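Submitted below is the structure of interest, expressed as structure tokens.
Letters are used for the chains, namely A, B and C, taken in the order the chains are written, and counting of residues starts over at 1 for each.
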Amino acid sequence: MMGKGMKYAILLTGLFVVLVLAACSNGSSANTDGTETANADSKSTETKNTDSETASETTNSEEKLIVYTNSNGDGRGEWIVEEAKNAGFNIEIVGAGGGDATNRLISEKANPVADVVFGLNHMFFEQLQAEEVLTPYEPAWASEIEEGINDPENYYHGLVKQALVLSYNPEFVNEADAPENYLDLANNEEFAGIYQARDDLGSATAKVIVASILAQFEDTNGELGISDEGWETIARYYENGVQIPEGEDYFTIFASGDAPIGTMISGELAAKQEQYGTEPAFLHPEVGTPQVVESIAIVDGTEQLELAQEFVDWYGSAEVQGAFAAEFNAMPANLEAQDQVTDFQKEIFADVKAQDIDWAFVTENIDAWVEKLELEIF
Amino acid sequence: MDTLKNRWNKWNPVTILLSFFIIWFVFAFLVFPNVNTIYETFFGTGTFSLEPVEKLLRSDRAVQSVLNSILLAIILVFTVNIVGISLVLFTNYFDIKGASILKLSYFSTLVYGGVALNLGYKLVYGKNSPLTDFLTQINPNWDGNWFSGLFAVGFVMTFACTSNHMLFLSSALRNVDYQTIEAAKNLGASQITILKNVVLPTLKPTLFALTIITFLTGLSATSAPLVFGGKEFETITPMILTFANSSSSKDLATVLALVLGIVTIIVLTFMLRSEQKGNYISISKTKTTLVKQKINNKTVNILVHIIAYILFIIYTMPVLAIIIYSFTDAMAISSGFITWDSFTIDNYLLTFSSLEAVRPYLISLGYGFAGSFLVVAFCLLCAYLMKKYNNRLTRTLDFMLMIPWFLPSTLIAVGLTVTFNTNQWVVLNQVFTGTLWLLLIGYIIVNIPFTLRITKSTFFGINQEIEDAAKNLGANAFYTFIKVLLPIILPSIMGIYSLNFIGILPDYDLTVFLYHPLYEPLGITIMNATGNSASADTKALNLVYTVILVILNTMILTAVYGNLRFRKRKKV
Amino acid sequence: MITFQDVTIKYDDFTAVKNLNFEVKDGEFFTFLGPSGCGKTTTLRSLVGLIQPTSGEIYLDDKDITNLPTEKRDIKMVFQSYALFPTMTVYENIAFGLKVKKVEKAMIKQKVADIAKKVDLAAEQLAKKVSELSGGQQQRVAIARALVNQPNILVLDEPLSNLDAKLRVQLRNELKSLQKNFGITTVYVTHDQEEALTLSDRIAVFNKGEIEQIGTPEEIYEQSNSEFVCNFIGENNNITKLVTNHPERFDRLNLEENNAFYSRIEKLKISLFGQTYPLVEDELSFTGKIIDSEYYGIYTKYSIKVEDTVVRAVLKEKLSLGTDQNEKVQVILSQQHILQYK
């Protein structure tokens, strides 16, 4: 009968796949062993383990670094892999959003897959540090970074600065009618329905905007450290604002005029402008513009600590960060790389005054704020 | 002799070993992680605390979401059953012209679901779709965002959730003894009376099962409310997702999930009780095959044809839209407006610009094959034991295996990662987080309840005498199972196998928590390629991925069902 | 009165029945008898209106009902599998047809109770699910369900075939008395000749889609007009060889026209060795030897070898075999009981 052959075919495929999966994961369970011994013992066992692992995987004979990042889009990932290869590093990039990457690192704490993580902003790094996912290391270039950016305990160090610039689309909003700052948007009825109020609080951008608003209402007696006025303001901000529909980009509705006032991210701006042909006009609130720093850190429990350190030393150096800035229109935190910054970035940052936010206070409370927003304000 | 044999069976070392394996598996992967999560929620600080519950009760949004989910589930029970029954009648019971083409479109929900399906409906009914443009043209006051809220979610899910009807209700209908229909006709019953009093009551047990599944689907709806619900219609699962992603709010996610679980348990208990009342035993020994009924009343006949073809259009448009738009440029996709110049194959070239693009497919295929194979094997084993030994232990097992139905997959995933990221004695101090196994275990777990229900009902449908006959002829239990029982249940088993497989391929909700970062499955790739962070023509890529998935799934289904149909014909 | 006129029924290119012509009289118990696949059920279904003839007409009392749908015909059927509705109780099953006709509730109750009594169904069984009944009870429900509508004609499609032998005989008798009591025209389909002979007023024997013979049970049995009917009904001895070996002795047969000769086994007489049997005019005697016997209680069936032909005969008394004396017998054939065919 015909079915017989098929039945066995399926049985066989099933078994085969199970076996293949089993074989593949041998590599990772070797990791576990490796971690334990590497922590306790010398480097020789470590190398042996990795050798056996790479032998079972056919891709490469060198030691491979696993790098988690959220900054791999638009060709960045490919560029970094290529440059690293030229510098003698064999890396594999695992891309995930900031929140996803953070959750993943925390859940893998006991059996880390990643060696290095970079690109997340300092709020995520604070969380990772608190969860004891990172191991401290002071890179060679640590002193070249703008002051106040690096973690004083050397858990993470800055790479790229992002300014979250409140902007409007001059095709739809006159300069005279433009708002002054986030509070203006919330308090002034005439902006109702034309500005973006991002409610995707899993994303770093939305969180920073929330922090930027709430930090102005710090009140030790208020709920979660914020005064009642602060809560009322942010409630109004979200009530009058336009939420970005699921699956759409903030720049799309900014460009189309559906919500022509919104927050631009300095590092993405050049690509967006080119894609949509819309040039935003920037606003410079008195209180300042919130800035976040994308940083780099080494994951605690990596089997290739030395290699990871070498990679961090290389990647954060003025040379590499300068090249990256030139290639992708970014603003490096490394002061010595700033001569390679594009005019476009220079222009953005020229007028931007950093908002003075007490990040320790924010990091401590942001999760509770988000929870309150999700539950009571939305 | 008989008692002797039974005693021997009871002490069969293989059975004991397998039983211990099942008990261990259920405890280690179904009970332990979830209890662990729940314990952490209420005793996380060391003392029992109801703070998360209070927090949620204070939130209008949370309470409203729970109510919305229940409302959606109730609405879907009615709409999905109405549409589902209609589809099955149109394709299997009434003599409708062009039924084979209708069938093809009605089956389309089997080959694409979740995110892809929503994308299809968005292309057809969304803001920039040709349909909306047309509506605004005839009525300038027409709201471009008309397709949102409860109506839109209900609409999309009504047509999206009929796959199980098409599969299981159709086969139940085919099992109706045609002589009963003839008898009713002979006794003077009209066509509508026959349908209402003879045919539908026979389908009642299947309809009960489908109703439960529909209710659960509605309760835990994720992607449709996210895409079409908007602010005015939020449901509970997206909220759970949000909270589950934030480490400090995981307790809220757990509590919300528990609410879902409790509602589910209540509904299940209620339904199971009324299911027992509605049960019947088929008594016909010689069944005659169903002959399609021509509708005698001309007006009704025309009306039924019209409805059948309206459904055809509703089912076909989203698939067609996905396929057509996947061949157009970004401009056409975002504006909805297609000209001759819009057509291009660049999207496909872009997707497959490198060999790397094939890797996620292979990984997901691997997980699909292995995952559904293992879950089917596991459920077969459980069902077999349950049939053989109906005692308190197996009844408890039956209930335990339903746990994944009580909890949303997101929470199961969180439970797994949180529990197995440290050494656990229950799995011999292995750490599963960061290995390939975790995702495989996850896929197995979430597919257990449905698979078990199907395998169980198939198993219990086999005449005991057949098994006895094989044993009487000298076959041992294993041989009997492989040579006699398995071939009988194979059609259902293959059906559920391919359904699981198709479900695993594009999964995101569960996968994102559990996958090994170096082995990225398809769902993750699609999400990364289409998420907000990527600025390229993400929608076009999504469409291409969807089309390829549709082709893959169609191939799998035709392989399975085409083959079985062939078998059947040979048997006759 | 039912009249079939030139009825032909085809499925695609297969002709199930061809050119049927027959009448069923009012109040008659009429049986379609034949092996499976002979077209009897097809004919029955066309009478009930479950299928349409390809050509020809069916009349009920001179009214053409050929194209009348089954629900409009006053012909109720009992199906082979009984086709009881598994989701309904016994009561609901029986009441189904009345409910469809929108008969008053009290009336339905009355009628169901009456019919249940007549078919010997206890009142407490009415509340049961049909799956809880035995096979015999299920059959009675099926008959009650048809009869409660007081149809002109009752039609039964092998209703006894799913039952065990004893029950079959018992129900056969019940069926006959039911039919007598109701006086209802009944058309019955069976492949069991015993059923046909015991129940019927008249029988139509089907072969390959055609009727070979219509007649009373006696006519069919005693004067089978074809070799097929002769072979299908009753037990026969094929004595063609014997006849052709001794043409001179079989002087009363038409040897020129016919070439197949049969004798029913009970028509054979046996005279034991040593006994003398006075032969009547048309009787012939042959010597034979008993080679086998089957004991039936009421009678014993013996196989006797006469020349190179083995014939069977029945005897009321059982012989004690084993001796030459007992095994040697005279077989007496009566020429008038020999059936001859071309």
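The working rule: a contact is a pair of C-beta atoms (placed from the backbone, for glycine too) under 8 Å apart; a residue touches a chain by one contact, two chains touch by 3 or more.
Protein names from UniProt, one per chain: B = Iron ABC transporter permease; C = ABC transporter ATP-binding protein.
The model shown is predicted, which means the values in this text are computed figures rather than measured ones.
Of all chains displayed, B has the C-alpha centre closest to the centre of the whole protein C-alpha set. Highest C-beta contact pair count among chain pairs: A-B.
Among the other chains, C has the CA centre that is most remote from the centre of chain A. For the pair chain A and chain C, the distance between mean C-alpha positions equals 89 Å.
Rounded to whole angstrom, the centroid-to-centroid distance between chain B (Iron ABC transporter permease) and chain C, based on C-alpha atoms, equals 55 Å. One inter-chain figure worth recording: chain A and chain B (Iron ABC transporter permease) are separated by 34 Å, centre to centre, where each centre is the mean of the chain's CA atoms. Those residues of chain C in touch with two or more other chains do not exist in this structure.
Listing the residues of chain B (Iron ABC transporter permease) that touch chain C in their complex gives 177, 179-180, 182-190, 193, 197-198, 201-202, 204, 280-288, 296. The touching residues of chain C, counted against chain B (Iron ABC transporter permease) in their complex, run 48-50, 69-72, 75-77, 79-88, 96-97, 100-101, 129-131, 138, 145-146, 149, 162. For chain A in complex with chain B (Iron ABC transporter permease), the touching residues are 1-3, 6-7, 10-11, 13-15, 17-18, 20-21, 24-25, 28-29, 31-32, 66, 68, 70, 73-74, 92, 94-97, 99-100, 103-104, 106-114, 127, 131, 201-203, 243, 245-247, 249-250, 252, 268, 271-272, 275, 367-368, 370-371, 374-376, 378. Those residues of chain B (Iron ABC transporter permease) lying in contact with chain A across their complex are 55-56, 58-62, 119, 122, 226-227, 230-231, 239, 242-243, 245-249, 252, 334, 366-367, 369-370, 373-374, 377, 417-418, 421-423, 430-437, 440, 486-487, 490, 494, 497, 512-513, 516-520, 528, 530-536, 563-564, 566-567, 570.
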